Each structure stands twice: as C-alpha cells, then as structure tokens.
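Labels A, B, C, D and E are assigned to the chains in the order they are written; within every chain, residues are numbered from 1.
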Amino acid sequence: MTEAWLEPAAWLIILPLAWASVAFLAGPGRGARLAILALVAQLGLALELAADLTQRGARMHAVGGWGAPLGIDLMADGLSAVMLLLTQAVALPIAVYAQAYFAETHHRHAATWFWPLAGFLLAAMNALFLSADLFNLYVTLELLGLAAVGLVAVGGGTAQITAALRYLLVSLLASGGYLLGVALLYGAYGTVSMTTLAPLAVGQTPLAVWIAAGLMLVGLLAKTALLPFHFWLPPAHGGAPAPVSALLSALVVKASFYLVLRLALGPFAMMTGTAAGLIGVLGASAILWGAWQALRAQRLKQLVAWSTVAQLGYLFLIFPLLAADGLALQAGALQVVAHGLAKAALFAAAGVLMRATGRDTVEGLAGVAGRVPLTLFAFGLAGVSIMGLPPSAGFLAKWLLIDAALKQGQWGWIVVIIVGSLLAAGYIFRVLRQAFLLAPEDSHFQPVPRRLEWVAFVLAAASVLLGLRGAELVALLGVGS
Amino acid sequence: MSTGLLYALSGVGLFMLGAVGVIVLAHLMRKVLAFNVMGSGAFLVLVGLAQRTGQPDPVPQAMVLTGIVVAVAATALALGLARALHARTGGVTLTQGEDGD
Amino acid sequence: MTVNEMLPLAVIASSLLPGMVIFALPEARVGLRSVLNLLGAMSKLVFVILLLEGVARGEVYGFRHTVLPGLDLVFKADALALLFVTLSTVLWLFTTIYAIGYLEGSPHRSRFFGFFSLCVTATVGLAMAGNLFTFFVFYELLTLSTFPLVVHRGTPQAMRGGTVYLAYTLAGGALLLTGIVWLHGLMGQVDFVHGGSVAALGPQATAQIKVVFLLLIAGVGVKAALVPLHGWLPQAMVAPAPVSALLHAVAVVKAGAFGIVRIVYEVYGVEYAQSLGLLKPLAIAAAVTIVWGSLRALTQDDLKKRLAYSTVSQVSYIALGVALFGPVGTIGGLAHLVHQGIMKITLFFAAGNYAETLGVHKVSELDGAGRRMPLTSAAFTIAAFGMIGVAPTAGYVSKWYLGEGALAAGMDWVVAVLWTSSLLNAAYFLPILYRLWFRPPPAAWPAEHIPARGWRETGWLLLAPPLITAAAVLVTGLFAEAGWSPLAWAKLIAAREYLQ
Amino acid sequence: MNRFTRGLAVAVGVALAATLVAALLELPAAAVYLPGAVAQHLAQSGVEHPVTAVLLNFRGWDTLLEVAVLLLALLTLLTLRGSEAPVAEVEAEPLLQGLARKALPLIILMAGYLFWAGAYRPGGAFQAGAVLAAGAVLLHLAGLLPAWAVPGRLLRLGLILGFLVFLAVAAGLLGQGALLQYPPALAGNLILLIEAGLTLSLGLVLAGLFLFVTGRQA
Amino acid sequence: MLMLAFDGLLVLALLWSAWRCLASTDLSRAVVMFIVFGLLMALAWARLDAPDIALAEAAIGAGLTGALLLDALGALRSRREGRDAPRETP
C-alpha cells in the first residue's frame, strides 16, 4: 500500500499540477518560492524513478486500475526517465533564474501568471513523457501547446503576441493532424493504447494507418520545428522573456520529438526506408539552414533561437540510422539532453548579456566580457556542447551519430554533422569575439543579479560535465528497450 | 454504407476543408473558424469510423467531449490573442516575416 | 583508486583547480592570484618529479574512466608523456612568473590567468592521453582555452588573429575527429601502445588506413604548423608575449608535434607506417616546412613575426625526426621537442622585454638594444645561436642527432635540408644580433615604459625567466650526455619504442 | 502566402481527402472492441451512463488534463489583459434584461438537471457548466453582469476548485494502487463530488473565457 | 432508406455550411454560418447516437463559441489603433 502511495511517476504529474493551481490561487505574481521547492522535490522524484527503473526495469501504471485498452496506462522506461530527468534538471535552475529575473520592475507584467503557466507546462511534459495512450497524448500535447503559447505571450509586446499567435496556429493545425491520425487508428484497430497497437500494426498495414502515421508524424514534426516547419520558432523563442525562451527551446520542442521517436520505435515501426531517409534529409537541411541563419542573425536571442532550429536537425538524423545496435537512439537521447542543458544555459546567459548591455543585438555586446565574465564563460561552455566539442555531452551525441553512420556506411550524414559543428563554432564564436572586443567609449553596463549569472553557469557546466557520465545515461536509456 | 461511415467520410471532407482554410485564409477570425471546422471533421471521423458497424461506442464519444472542450479553449485563446494583436497594431492578419531575422 | 591512478590526475588537477578559483577571483586580488598560480605550478612540478622518478624505475601510471560503452577516457604517464609534461610544467612555471610581471596593471587578469591555467591543463592532459579519443578531448580543450588568450587585448588585430587561429584549429580538429571515428569504426578503441596496433587490421584495410593517416596527420599538423597548414601561427603573434611563449614553446605547436609522434609510434607503429610508405611523404612535408618557414622568416621586419616563422620551421624538426625511420632520428626529434621549447621561449621572453621596456616591436628598431638591455640581449643571443645549431647549445645536439639519423636511414638529402636550414637560420638571426650589439642606439626608444635602474634593465619578473631558460639552453647542450638530460630521456623513450 | 503555396495547399488537401476516403472505404473491421469492455465494467464504474463512465472513470485521466487545458486558456487570457479594468460597459437593454431575469432560474435548474442526469443518461458536468456559462454570458449581454477584471481571491477559488477536487481525488486514490483508482463502493459518490466541483468551476471558467475578454480591446 | 436520405442531406448541409462559413466574403455572415454549422453538427451527433456530444456541441460548440466569435467580431471591427505602446521584453 505504501509502495503505491509513493509512485514517483504519478507524483511527477500531480505535483506540478498542484503547485500550478496553488500559485494561481495565491494570486498574480505569486508562487515562485513554492515552485522552486516543488521542483526540488520533482528532481528528487525523477532521480528516484530513474534509480528504480535501473533496478527493476520498465513498468506500467494503470490509471484507474483498468489497464489498456479500456483505461489509460502510464509507462515509465529508460527513455521516459531520461526525458523526465532532463525536464526537472532544467526546470529547477530556470525557476531559480526566473524568480530573480522577474523581480525587476519592468518584468513584473510578464510575471503575473508566469508561475501557474510554467507549472502546467511542466505537468504537461511530464504527463506526455509517461503516457502510453495516443489520445491521452493528444490532450497532453494540447496542454503543452497552450501553456507554451501562453508563455510566449507573457511578454505582452506586439512581437510576442504575433509570435504566440503564429505558434498557436501551427500548434493547433499540427495537433489537428495528430487527432485525425488518432481517429483513424481507433477506427482501424479499436484502441489507442500504444502497447496494444504496436503488435497490431505490424504485418498487413491498411492504407488508412499509413495516412494516420503520416498525419501524426507531420503534425509532430511541425511542433518540433523541423524544416520546413521551423518558421514559427525563431520569433517565438527569440522574442519571449529569457527564462521562457530557455524552457521552450530546451524542453518543449523535445517533447514532440520524443513522441516522434516513441511512435517510430513503437506503433509506426513500419515507417522505415524512404520516410526515415526523408526525415533525415530534412534534419540535415535544418542543421545547415539554421546554422546559416544564426550566423547572420543581428539579434542575440534570434541567433540562439536559430541555433535551436539547427540543433534540432541533429535529432532527426537518427531516424535513417535507427538500428538494432541502439547507437542512433543513444545519440538522439544524448543530443536531447546535451542540447537541453546547453540551450537553457545559452538563453539564460543571453538574458544576462541583454540586461547588462540593455540591448538585444550581437553588435551591442562589445566589451561585455569584462563586465559579466562568468556569464560569458557560461556562454562559451554551453557553446562547447552546442559545437559538439569534447568532453561535452553534445560531443558524445555527435560521436555516436558519426559512429552509427559509419557502421551503416551512410557517409553523407557525417559530412553534414561536421560541417554543422563548424558552422556552430562560427556563430558561437561570433558572440564571444564581439564580447571580447574593447568596450566602446560610450557604453554603459547595467549591474546584473549574480544569481542569474550562476544559473547560466551551472547549466552550462552540467552540459559539459555530463559528457563524462555518458555511460550512465546510456545504461538508463537501455531500461526497457 | 452505414451511417457511421457516411459521417466519417464527411468528416474527412470537413477536416481537409478546415485544414486548408487555416493555411490559406489570411484573416485571423477566418483561421479560427476554419480551425473549428477542422476539429469537427476530426471528431466526426473519430466517432463515425468507430461506429461504422452501427453500434454506439462510448469511448470515442467521451474523447470527442474532451476534444470539444479543448477546442473551445483553443478558440478562446486564439481570439484573445487576435484581439490583443488588433489592439496593438490595428491589424487582423499575421503578416509574413515581420520579425524574421 | 590507487596512487598510481591518482598521480596523473593530480598533475591535471594542479592547474585545473587553481584556474577555476582564479576565474572567480575579483580583479583586484593580485596577491592571492599570484600565490595560487605559483602554488599550482610548483605542486605540478612536484607531482611531475614523483612521476619521473617512478617511470624511470619502471612504474606504470594510468587511469581509465568509461564515458560511453566502448569509449574510455584514458591517461597514462609513460616516458614519452613525461617528456612533454616535464617541458610544459617547467616552462609554465617560468611563463607564469613572466606573465605576472608582464601584465602588471593591465585589465582582465583573472580571466587571463584562468585560461592560462586551463591551457596548461589541456597540454598535460594531452601529453598523458592514453588513447586517441582522450588526445582529441584535450586537443580541442587546448584550442578553446588559447582562443581567449590570443584575443586577450581585444583590439581588431587581435580579433582577426584569433579568428584565423580558430578557423584553422577547429577545421583541423574536425579532420582529426573524422580520422579518429573512422579508425574507431575499423578497430574499436585505439589505445596508444608501443609499436602501434593498426597493423592488426591486416592488408584488406590498407587503403582506408592510409586515408585515416592523412586525416590524423593533417588534423594535428594544423597545430604543428606544417606547411601549408601554418597560416594561423604568424597571425597569432598579436597575442601578448607570454601567450606567444605558450603557443610557440609550451603548448600549442608542441601539442601538434607531439600528436604526430604518438600517431606514428603508438597508433600505427613506426615499422608499419614505414611499410605502408607513409613516412617518406611526412619527411618531405617536414622538410618543405623547415625550408619554407626559414625563407619567410628572412623577410619579416616584425620581430615576433620573424620568430613565428622560425617556429614554423623549427617545429618540423620534430616531425622530421619521427619520419626518419630509426632510433637515432627519433632521439633527435624528441630531444628537439624539449630543446626547441626552451630556446624559443627564451627568444619570446626577450622579444617581450624589448616591447614592454622600450616599445620596440621591429627588427629595424633593435639597433643598440644590446647596450641598453645587455642581459636580455645575451639571453636572446644564446637562444639564437641554439636555433642556428652552434655548438655547444641544445640546438646543436638535436641537429646532430637528426643528421646522424638521416644518414642511418639512408636519406642523405635530409642532411642537405638541415644545412640549408641552418644557413637560413643564421641569415635571419645574425642580422638581429648585429643590430643588437654593434649598431649605436637611437636617441630615443619608441616608447620607453620601464626605466633602467643600475644593472636592472627592466622589471626583475621579466628579466629572470629568460636568463634561466637561456642558461638551460647552454646546460642542456653542454651536459647532453648526463643522465638527467632531455637527450638521455629521449634515448630511454627510443629504446622502449624500438625494443621489439 | 503566395498563389503557388495556396494552390499547393488546396491540391494537397484535395488529394489527401480523396485518398483518405478511398482508404476508409476499404478499412477492415477493428481488432479490439471496446464497447464490450465498457459494458462489462460499467457496473464497477459507479455510474450507469457509459459515456460518463468513460469520461470520469475509465479515461478520467484525460478529463483531468482537459480541465487543465481550459484553465490554461483562461490564464493566458488573463496574462493578455494585464491589470487594467474593462473599458466598455454594456448598456442595459430593458427587453433583454427582462428576458434574462426570467430565464435565469430556468438556466440554473437546467444546469442542475444536466449535472444530476450525467450519472444515468446523457448530460454531465461539461454540459451543465456550459449552460451555466451561457447564462452568465446572457446576463452580461443584458447588462446585468459586468465584465470581469482581475479575479479576486474568491473568484480564483471558484475557478480552480473543481480542478483541485479532481486532482485531490486522483492523488488520494493512489493508495488504492493507482491514480484515480476508485474503490467500487465509493466510486459513485466520488464521481458525483468531482462532477459537482467541475460543474461550478467549468461554468466559471467558460464564462471567464468570455467575461475576462469582452468589453476591452486587449 | 428514409434515414439514409436524411443523413445524406445532413452531410451535404454540413459541408455546404462549412464551405459558406469559410468562403463567405462577409465576416459576420461567416460567423452566423458557423453557428448554423454547429447546430447541424449537433443534429449529426444525435444521428450518431451520441446525445452527450449533441448537447455539448449545442451548448459549447455553437453557443459559447458563437458568443465568443460575435464578441471578438465586434472588437476586431472597431478601429482603435495602437492603444498600448508595445511592451518590449528584452
């Protein structure tokens, strides 16, 4: 009995829902301390879940006690545990960051309902990573999408509203496609449980199921901002307040990617060959195009946002490389984690840099290295992971990708990976270089709370040091697959 | 052809009509209308296809109830954002690439 | 964890930890920063001495940590590693002292010394890397930690130099990575072992193996400044003098040269590399670099640029020694790894002193500087003679062994290259010496920052390091046959390398 | 959006619709038949109406999250409106006012009926909440209910109460073995409790989607 | 047979009202058409043995959404430009 009470998977969803509600109840602008406390607990829960899974293997939690296909199952395996760990590990420092960030008067407006929105966002992600039911996943997708749109809009400026609207429309169109896919699957098989579906979908696949798979995957790819559906991302992520950008870029886009991966490994395992190759080509184009745009971006946060477009591209390179050896899957998971931590650090650092200079341009960074050296160091460290230089987790991801491509003799991807890394070095050093310039005579720098700087640094250091613990991550990922 | 299948097929038509509408129409209100048509289409497919044998199925019906509530939430949000945009710029469309960079 | 596992880590930590603390120090804590710097350098020296003593006894030091299944971070402090570790540790100590004096009162010193420590951390890590992957990790860390040093001044020229440096080194890193992953795909983890391990792949992989060799050598060749990959080195001379010392003598170019040594000896195995016909092209590339660098040095008026081209030329002696199939050439190359380091660092220290004391940056402005700064100029003179290869300096010893090695390997044309190079060296160094000692000083120096006080021609922190290293140039040459000399250590390595 | 992409979208839509129609016409029967399972377990669900059983018991987890979706939409609208008071008041229309006054008791009665009926026949918290919200909109249009400003503590409690009750029940039942695992004996009452909370809160939230936004520009 | 004819007509009416709603040049007519569409949907749900959805569709789909749309239509029609200075968040 006590065992069931303490089920970490369940509490990982209940807890953020609860603190989001209480934060709403507490009133405008309230809830920061509660959120941070709860996030500490959530991180503990995620760690406990991971430890538990490693010991006892993957497990199901039948909500309502019915079990699939009648009820909804929650499923926790290595992949979910990795995603959950990343989510809590990024959310906690970002919450600490946000508390200090929104304490400034001119950000008060944005902070009115930030905490409940963030709570629902995290609950949606945790629920998504644990759900094994396609319709339930639709609800979590909508929850996630609406929370993300709300967070984009909290800035309240014209640019943010426009970005939020565009994001909302893409998101709704995408979930519409997903929902139609679910409807078709239910029609074809009479169930929406992934575990029940997976064995049914092999063998003679009806045309309707192929279309369902196409609709769902295209919808999810749009939500993950894969080229050519990337257009909504730079304004949305580049325009939001820094802590929001960090959450969106580091975590939210990963949720839909996770779902693509789940589907490709589960019910839609029949989608291989051409479809997987096409996704890989789109990923490769995203790497190059995103990096190119980042090289050209005038505004700092736009640069970081375009970098997200590029880095997400790497995630899709794994689909043509998925094989029994699991290398590509490991590469994908590592890239998700590495990019999550590093991108959160980059946005956190960008927030500091913008506050220090009072501007959002790359140009305006001249001389900032002398003022906020810790932040710049954090930016550089996170950049190491983004560029895929050792010993960062980003490096391990790219290493595994190259290894997988070599093993299968698919040389083209290797060229893309390496060129992408060099382009990434280009835009990261573009920022660092500017920051190292001598400050112009007329520049004024604003003081920045130290806490903001430290959060950026901790996240960046985590993304690099994780590279030394890749083996543990891979072992966890292996649970239940 | 059973009643369920008939409505499912019309649902396909409505979905595509709505989806193309969301993409093609410029006015934000029209996009919202199209989104609702699209959603209704998906709901019809969900229930109609499941009930193509003629038996009512409470599971997709409950799902559609959930879906309708989600749709109204999304509609209210989209309209709210559109109104906020209108209040700030006077525009009722999303112009292309105003903040691309 | 045993002591034998911990000692290599201690060598790395002794600069990493002080570096981290220094980053966090406020700018004004000059005293604490200097103490931390010197404490780190001294403790590293102690650890290295312990290691040297142990390795000479035959102890095995190593550490292994699994990063991913089939991918380990491996450290091993063998004789070859220690040759490089000792060099960089000793020179780091002097460079730190020099830098404390050189940067007195200039801004952003916490940042500077932080990256300085990271840079040395990367160098010793790279020296003790036990496999290609670990080598690559520290090779890239070296790139990253030197970039902020190169652009430290924040001027547009510094930025340009830094950008060029990055473009070259990161591209080189990409080549190296490709080669390493390729090799991994062929044979799994590639640990450094005596005699190499690639030969086990058998004849059907020969073509791939050759391409991989090209990738690996091109990758490390960028840092070793092999022509035509040397373009960054003259550009990077915009860095402050201690950084140049670091780039040219302690860390960067040495890392490249050291990489060539590891790859040829302990990945491919010198016998196998020779049997594939890979050493001849390497020797030719090295020879071309030696001559080309010297030729370019002739025409440079900027003193540091002339020294930079001289480095391009001199570092390739190491590669040349490796490419000369046989123990004698190996000894020459390895000894030159150390000798070139102490000679070149002396030259850069002296160049830094001219710039910092008198504002002199150009060869043409050096007239009579020997009278104004006799001690610095004496150090410069000794090192320059070493570069030319005049007995009894260290440079003479390494050139001698290289020549012997070439004859033993039947590559007589190399001797001609060595002669040509020596003549060219003389041609670009002797005019400097002439100006220093025999031309009258100008009425006023371009910008005299530090006035002379008695025999102290400049700050003592600036003066002591070049004097000590210049003395070392002489001592290592004079006592080359002593048991503790770099030459003796190089012989030990060669004996172990060619044992089988 | 240029003519080409527009044409492309239409063409893809038509082609996809045609393929899908063809695919549906040849779709074989489903392998799993859930209505059977629903009927089989209806007795243990605590309610008699199968749709309500699915909505609040078998797939209650969906419903819980769906309420959160509604709350989120409301939260974002609140964010957009900031802290300003509503700009325009609706002028009182005597005719509409009279109608609204008459209709109000009827609306409340209808909502109560729908809420109660949910356990046995079509109806339930969502429909009841929607009717309540419609009543609130009607009152506003008649000038009897002003638009809402920043919600006070009481209103916030009302908005969130249903969700909190639902959440508390879901978590409280973890001790039974899983989230929302009703003990059969208590299932009926617990579902009723949840529905009561939801009827109130959904009514307020749905009304809020209108009343927090109306009468102002942003 | 009669029911099938009724279903056929209803389906056509659904598609027609959706089309009119999206294609109409007049926005208020489009909204009205949408409410009609919602009521037709409620009928369709009734035909699909889904009275719960029919109720919800009538109350939420046509009713509440309709009210939201009409209210938004009024707001978007009024011409008051740039009342708020855009709030930029750096």
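Throughout what follows, a residue touches a chain if its C-beta (ideal position, glycine included) is under 8 Å from a C-beta of that chain, and two chains touch if they have at least 3 such contacts.
If you're wondering where the values come from, they're calculated on a predicted model, not measured in any experiment.
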Any chance you could name the chains that touch subunit C and subunit D both?
A
Centre-to-centre on C-alpha atoms, which chain is most distant from subunit C?
E
Please find the two chains that have the most C-beta pairs touching each other.
A-D
Per-chain Cα centre nearest the global Cα centre, belonging to chain:
A
Distance from the CA centroid of subunit B to that of subunit C, rounded to the nearest Å?
67
Taking each chain's centre as the mean of its CA atoms, how far is subunit A from subunit D in angstrom?
29
Can you work out the whole-Å distance between the CA centroids of subunit B and subunit E?
10
Let me have the rounded angstrom distance from the C-alpha centre of subunit A over to the C-alpha centre of subunit E, please.
35
By residue number and range, which residues of subunit A touch two or more other chains?
109, 135, 139, 142, 146, 149-150, 153, 156-159, 161, 184, 186-187, 190, 239
Please set out, as single numbers or ranges, the residues of subunit B touching at least two other chains.
8-9, 13, 15, 17-19, 23, 28, 43, 49-50, 52, 56, 59, 61-63, 65-66, 68-70, 72-74, 76-77, 79, 81-84, 86-89
Per-residue overlap in subunit C, given as positions that touch at least 2 other chains
none
Give the list of subunit B residues in touch with subunit E in this complex.
3-4, 6-7, 9-10, 13-14, 17-18, 21, 25, 27-30, 32-34, 36-37, 40, 43-44, 47-48, 51, 56, 61-62, 64-65, 68-69, 71-72, 75-76, 79, 82-83, 86-90, 92
Over in the complex, which subunit D residues touch subunit A? Could you list them?
16, 19-20, 22-24, 26-28, 30-34, 37-38, 41, 57-62, 65-66, 68-69, 71-73, 75-76, 78-80, 82-83, 150, 153, 156-157, 159-160, 163-164, 167, 170-171, 174-182
Across the complex, what residues on subunit B touch subunit A?
8, 11, 15, 18-19, 22-23, 28, 31, 35, 38-39, 41-43, 45-46, 49-50, 52, 59-60, 63, 66-67, 70, 73-74, 77-78, 81-82, 84-85, 88-89, 94, 98-101
Would you tell me which residues of subunit A are touching subunit B in their complex?
135, 139, 142, 146, 149-150, 153, 157-159, 161-166, 168-169, 172-173, 176-177, 179-180, 182-184, 186-187, 190, 231, 234-235, 238-239, 297-299, 302
In the complex, go through subunit D and note every residue touching subunit B.
1, 6, 9-10, 13-14, 16-17, 20-21, 24-25, 27, 29-30, 34-35, 38, 50-51, 53-55, 58-59, 62-63, 66, 69-70, 72-74, 76-77, 80, 126, 206, 209-210, 213, 217-218
